[in-house]
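Right, one structure below, let's go through it.
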Amino acid sequence: MSLLEIRNLEINYRSRNGLARAVDRVSLSLDAGDTLGLVGESGCGKTTVAKAVMRLLPEKKALVRGEIRFKGRDLMKLDWKEIRKIRWEEIALISQSAMNALDPVHRVGDQVMEPMIYHRNVSKAIARNRMAEVFGLVGLNYDRAFDYPHQFSGGMKQRVVIAMALMLEPDLIIADEPTTALDVLVQDQIIHQIKELLSRLNHAFILITHDIAVVAETCRRMIVMYAGKIMEYAETEAIFYDPYNPYTLGLQNAFPSVKGPKRELISIPGFPPSLMDPVGGCRFAARCPFSLPRCLKEEPALSEVGPGHFSACHRHVDVAEIRERARRFETWLRDEAA
Amino acid sequence: MIITLWVLITVVFFLFRIVPADPTAMFVGAALDPVSQKMLKEMHGLDKPKLVQYVVYLNNLLKGEFGVSIRTNHEVIGMLRDKIWNTLFLMGISMCLAFFLGVGIGTFLAWKRGTAIDAAGVTLFLAFRSAPEFWTGMILLVIFGYGLKWFPIGLMLTPGAIYSGFWDKYFNWDFVHHLILPVFTMTLFYLATPMLVTRNSILDILKEDFIELAQAKGLSDTRIMFRYALRNALLPVITIAPLMVGFAIGGQVLLEKVFSWPGMGRELVDAVSGLDYPVVQAAFLFMGAVVIFGNFLTDVLYRILDPRVEIG
Amino acid sequence: MQTRRFLGTLSGLKRFYREQKEIFRGEKLSIAGLIILLAFVLLAIIGPHIAPYGSFEVSVEKSGFVPQDKSPSAKHLFGLTRYGHDVFSQTLTGARTAVVVGLVSALMVVLVGGNLGLIAGYKGGWIDEVIMRITDIAYGIPFLPMALVLMTLMGRGAWNIVIVIVVLFWRTTSRVIRSQVLTVKERAYIKSAQVAGASDLRIMYRHIAPNVLPMTFLYLSFAVGWAVIAEASISFLGFGDPDDVSWGQMIHQVFAAQMFREAWWWYLPPGFCIVLLVMSTFLIGLAYEKVVNPRLKND
């Protein structure tokens, strides 16, 4: 049985102007110890999905439908007491910390030890031991625990937040844009740290980011999302070597690679669609250089294009041609939309 | 800080002496014969130029002499000493209550934000803030003092009572009994400000990322409210404390009139109407000192509470 | 040329009106406050004219007897004071004093404080230092005591009250506006305006001022409330204008006559009016607060 199974998750946000469809029938599954990356532009729904798992979405504003099964139990049906028990013990969150994840008026150590003391009712001494352990795992000096957050650099704060997540050895760790707010060199360090931790420990891991390169280095499987829908879903290697979805191709183009052959950076023109009153057809059709009239009317379903490899597109048959054209700069210019 | 106090004293000093009416007329009865007038003027040092008078005054202040009241001819300090304590007790207790209750209610309302309780609470205390203290005081006096006879109708202690000393005078049930209504009135009025500031501050903090993380950690709402939200929210609330003190001193004047409380406020009003400068000057000095002390306390408290500010 | 300027101002006003409407949308409490305030403004205008009696009119009965201390009746809706005056008429007339003092003081407080804050914040340097020092000193002065001293020296009168309020209240606005200006000053379009050679005056009033406008309106609303209470307090202590009727003064008379035990009809109406008027301004302030600090919004 998989550790986490999400079925037909639909999340609508209530706003002044109506309902915004943030997540549109997303399904995914994750086994124990496995690693999954959720990739997409800002606003594509990836963070919303993650927060939904921990039921962190504001109850009155976000209407959630669908099933989120964790270790067999539907999280949407549990009451608050049980949810709070699961939080951190079984599912932990690593957030973007460079800004604000740590409370400025309490010492770092207190904040790191808190979940352990609170959930397991252990003594401070025991918590301190465990804290020393996790600090070691992330490469932090134990003495720093007595400092306040404002005395830490961005990278160190990120390590603190990672350490904090490891405290109770949760079955699942969700990392939400852990490297986005950091500068490039520090980003690299943190990614290495995460990789190391993943290989040493066997927590299941979901990484949420818009940076496809980070996912490439850390996750075994990957989901590409756009405007609340899943575009492509497969093992990371498969997506990189065998991409089927035009959106994925566009994403790959937009990220520079120091190693590969020199090429121009190509970005996808246009903007993600409004999430209110979603129009029919494929969400990406308006920006897709390969869209056909059919794409604007009929929404493509996720179909299996390879072993464990799914993509939502009407033009899978033409994938070879599409891949070829995607490599060319002119394809992505506005007026070339075929 | 001291500069403020100094400027205040100077302003008051010269304010009274720029008055069109002959200031010396207050000190010296016009009906007296010229010789006596001259003697009195010399006695009070009024024959010297204003600047000299000013320096003399400052000098005396440093020595601890506050001058002699024009109306009563008693030493100012004797007159005011007791009154100062009376006012301090009333104001101090009311302000502390207003602050603590305000913060508590503000936190509660922030928790219940968006509900009817929130709107009702805010409206209710805004109403109390909109009602002039003296009016509320009068109404409470009528209902609880005259009507239900639960509380005495004014004054600080039962007339005719004799006390053996400072502690005996203030730490007894009679005093507390007289204290309740005025304190209640004042607290009701002043509590709206810290309440609103706390509520807003907490609402602000609740949108911060670390609050979300605290929720993700599985902590209970109460714990998050008090340990994280309130602790952070207190900082801006503390900065308004000196402002409250500043206003409260003024408010004292009103309440002391309504409740016939023998404090500085009442003395001040009488002194101002009677153009009794020495008393007025001393009163301002005292009030300024209280405000400054309040500022200083607030500063210290803030430094303790916010680790981002370096101590010292 | 002039038509263009005129049309420009007209469209500017229209835009202003629309913006204000947006601020109040959905804010039931604030809209209620606005309605109440407007009601009082109306009362201020027509009050003295619709009052059944003059404020100081004493009705003499046929027997030559002057009725006093009467509780409400059909002839005198709110009863009579100890001096034979009609409470209802006094309450209606008093609205004018309260509203005028409140609005005028508040406007001037904000004009003085706002401009000082703007200049101090934008110019910085010694101008800032000087203005802030003066503000600090002003902060240390307790309002009511100083107000009493000033009233004694200047003499009684409604306009003197306005002056006193303005002299002592501008401090809060100036400090607050100044800190806002400090933030706005660093924004990119201000820097570009500076680089483009715009004069200080232009930048301050055309670029920065509109941004601190919500904050200004917030303090304007509060200032009206404070001013009304200040006027009532000063009058209550007996330093009000003897020729004018004001709510605070009515309450002063009740207290002086020691009639508050019985004559509830005399001080309850003016008190309630003060409560309503001041409440309305605070409620209006709530809406502007949400603009200044969007985190307070309910959605």
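General observations
As written, the chains take the letters A, B and C, and residue 1 is the first residue of each chain.
By definition in this document, a contact is a pair of C-beta atoms (placed from the backbone, for glycine too) under 8 Å apart; a residue touches a chain by one contact, two chains touch by 3 or more.
The structure displayed is predicted, hence computed values, not measured ones.
Note on connectivity: the fewest steps through touching chains from chain B to chain C is 1.
No other pair of chains shares as many C-beta contacts as B-C. Farthest from chain B in terms of Cα centroid separation is A.
Between the CA-based centres of chain B and chain C the separation comes to 23 Å, rounded to the whole angstrom.
Centre-to-centre, using mean CA coordinates, chain A is 53 Å away from chain C.
Taking each chain's centre as the average of its CA atoms, chain A and chain B sit 56 Å apart.
Residue ranges on chain B touching chain C, taken from their complex, read 3-5, 7-8, 12, 15-16, 18-19, 113-114, 119, 122-123, 126-127, 129-135, 138-139, 141-142, 146, 200, 203-204, 207, 243, 246-247, 249-251, 253-254, 257-258, 268-269, 272-273, 275, 280, 283-284, 287-288, 291-292. Interface residues of chain A facing chain B in the complex, by the touch rule stated above, are 54, 56, 83-89, 92-93, 95-96, 99-106, 114-115, 118-119, 148, 150, 161. Contact residues on chain C toward chain B in their complex (touch as defined above): 29, 136-137, 139-150, 152-153, 172, 225, 229, 232-233, 236-238, 248, 251, 254-255, 260-261, 264, 267-268, 271, 274-279, 282-283, 286, 289, 293, 295-296, 298. For chain B in complex with chain A, the residues that touch the partner chain are 208-210, 212-220, 223, 227-228, 231-232, 305-308.
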